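I've put the structures underneath this note.
Paired with chain B in one complex and with chain C in the other, chain A is shared by the two complexes that follow.
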Partner chain A sequence: MIWPIDLAILTLVVVAAIGALMVKDLLGASVLFGAYSFMMCLLWSIMGAVDVAFTEASVGAGVSTVFFVAAVFRTSRRTRD
Partner chain B sequence: MKIIGLIIVVVTGALLIYAAADFPAWSDPASPASTYLSPHFIEKTMEETSVPNIVTAVLADYRGFDTMFETTVIFSAGVVCFFLLRISRREEEEPETRYYRHVLTGVTIQLKEGYKIPPSDDFERIDAAWTPPDLIIKTGCRILIPFVQLFALYVIAHGHHSPGGGFQGGVILGASIILLAISHDLRTAVRRMSEKLMAILCAVGVFIYAGTGALCLLLKLNFLDYSALAEVLHVDPITARSHGILIVEIGVGIAVMATMIWIYNNVSSAGRYRQGL
Partner chain C sequence: MTDLISTVIAKYNYWIYITLMMIGLYAMIAKNNLVKKIVGMNIFQTAIILFYVSIGVKKGATIPILEHGHGPDAHHVVHAVDYINPLPHVLMLTAIVVGVATLGVALALAIRIYNNYNTLEEDEILAQIREK
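And then the complex of A and B:
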């Protein structure tokens, strides 16, 4: 484990997570959530859990982002709170 | 209300971080899990199941009962999405005017109620809000989809030796059909993989998994003890465990693929199965 890369990715995970919660535009939030999943995937692979990283990349960053975008497309794009 | 929520989140987070300090250090060989459980898997997996990838062996064999219900959870997610979102054809009023497009020339014709076109492959039904898909995206995705599907099959079949397996391969296989639905339109994807087929495949995947377990039970061993399959497959019990893992991985792959496409179809068209994204 190379600690500067680890630290950088961990920072990006936290930034993406807070960003996905704070942003008003739901499409942006789902894209940020995809970025969060991808950073988590990198974190898993750094820790040597390649199978989990693979699942995270395909399910978290891939398909669930598509589901979120589809749901946003069919509902409203802005949150009310 | 927001402030109360923030306080709860901060307090819970602080407690979790405080509790995490008691965890054994990352990859600590003296931690309880690494002293008796992991060494067994690391040393014995190859001679017990002949599967080089320990994660796959643990997931589908040692912990197979758990994975079976994970597949059932995926299946229920698809079914729940269907029940919540799908608008049945009887409730949905069939539009009075329908639109058909001649595939070769691109001419669109409008049909009033009561009229029909002669059955032929030259016409495809389109929606009122239909927009022509971009040629570059369409062609690019058409080139890409076979390779995506081939990779997905590789991931499922090669789960014994490299990272991968039923879940990941099934998701990628489903994503290739979703890519078709995004780049063309939902009708094109549904023509290839109909709703009924998705519902059946969803259940078939779970059935393959549970059926393999029940077959082991019928062959006088424990539920999901794949070494019982040795008689059926005509191999020694250790290779039979490896083959059993492959069979259930295929079941998981089918179930996950069908569920992903099913959920996407229902979510992206709000249950109407018309124009997708």
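And then the complex of A and C:
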């Protein structure tokens, strides 16, 4: 594990998480959540957990984002917080 | 004091994992929109998975695939110190799949709630329930 890369991606993960919760649009929140999942996947490949990393890349970032976009498409993009 | 600071900096990754967990917990409790609550639940889950995977990391170890396992000069002496511990990886692989399943169920319930009440905000749903 190379600690400067680890620290940089950890800060990006925290920024993406806060952004996904703060943005005032649900479609934007789901896209930022996809970015968060991809950062998480990078973090796991840095830690040497390659199997967890590619499962997260396909299932976490891919399928979850599709679920979120489908749910937002069937409901509304409006949010107050 | 410097002792405490050096302890905190040496374990920086754990502090960031706890921060992520608390961000997710805050979103689950304090956010008003149902989809935002579900995003918070997923952040909480992935932070816990990240914590567990980070336990298996060793300094100077490689990924858990056997070296010299094939070919004419194959030998099967395995030194556990040379490999990252794969047990947390296997457990957390299951946790990721279960997380996506709970996400699907949660979003399906949110869509049903939206069809009934025509809103995703928690306080508006509660006001409509009280009116009935």
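We adopt the following convention: the second predicted complex is superposed on the first by the 79 of 81 C-alpha atoms of A that agree within 3 Å, B and C clash if a C-alpha of one lies under 4 Å from a C-alpha of the other, contacts with A are read in each partner's own complex, and residues count from 1 in each chain.
Convention: contacts are C-beta pairs under 8 Å (C-beta built on N, C-alpha and C of every residue); 3 or more make two chains touch, one makes a residue touch a chain.
Quick caveat, the model's predicted, so the values are computed rather than measured.
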Based on the superposed arrangement, let me know which partner A:71 touches: chain B (first), chain C (second), both, or neither?
-> both
Answer with first, second, both or neither: which of chain B and chain C does A:17 touch in the superposed model?
-> second
Chain A residues in contact: does chain B have more, or chain C?
-> C
Thinking of the overlay built on chain A, is A:6 touched by chain B (first), by chain C (second), by both, or by neither?
-> second
Which of chain B and chain C A:63 touches, first, second, both or neither = both
Touch check for A:54: first (chain B), second (chain C), both, or neither?
-> first
Kindly list the residues of chain A that each of chain B and chain C touches, one partner per complex.
-> 1, 47, 50-51, 55, 59, 63, 67, 70-71, 74
Parts of chain A lying in touch with chain C, wherever the complex brings them together = 1, 6-7, 10-11, 13-14, 17-18, 20-21, 26, 29-30, 33, 36-37, 40, 43-44, 47-52, 55-56, 59-60, 63-64, 67-68, 70-72, 74-76, 78-81
Write out the stretch or stretches of chain C touching chain A in their complex.
-> 12-13, 16, 19-20, 23-24, 27, 31-33, 35-36, 39-40, 42-43, 46, 49-50, 53-54, 56-57, 59, 61-64, 84, 88-90, 92-93, 96-97, 99-100, 103-104, 107, 110-111, 114, 119-121
The residues of chain A that touch chain B in their complex are 1, 47, 50-51, 53-55, 58-59, 62-63, 66-67, 69-71, 73-74
Can you list the chain B residues touching chain A in their complex?
-> 26, 53, 55-56, 59, 155, 163-165, 167-168, 171-172, 174-175, 178, 182, 260, 263-264, 267-270, 277
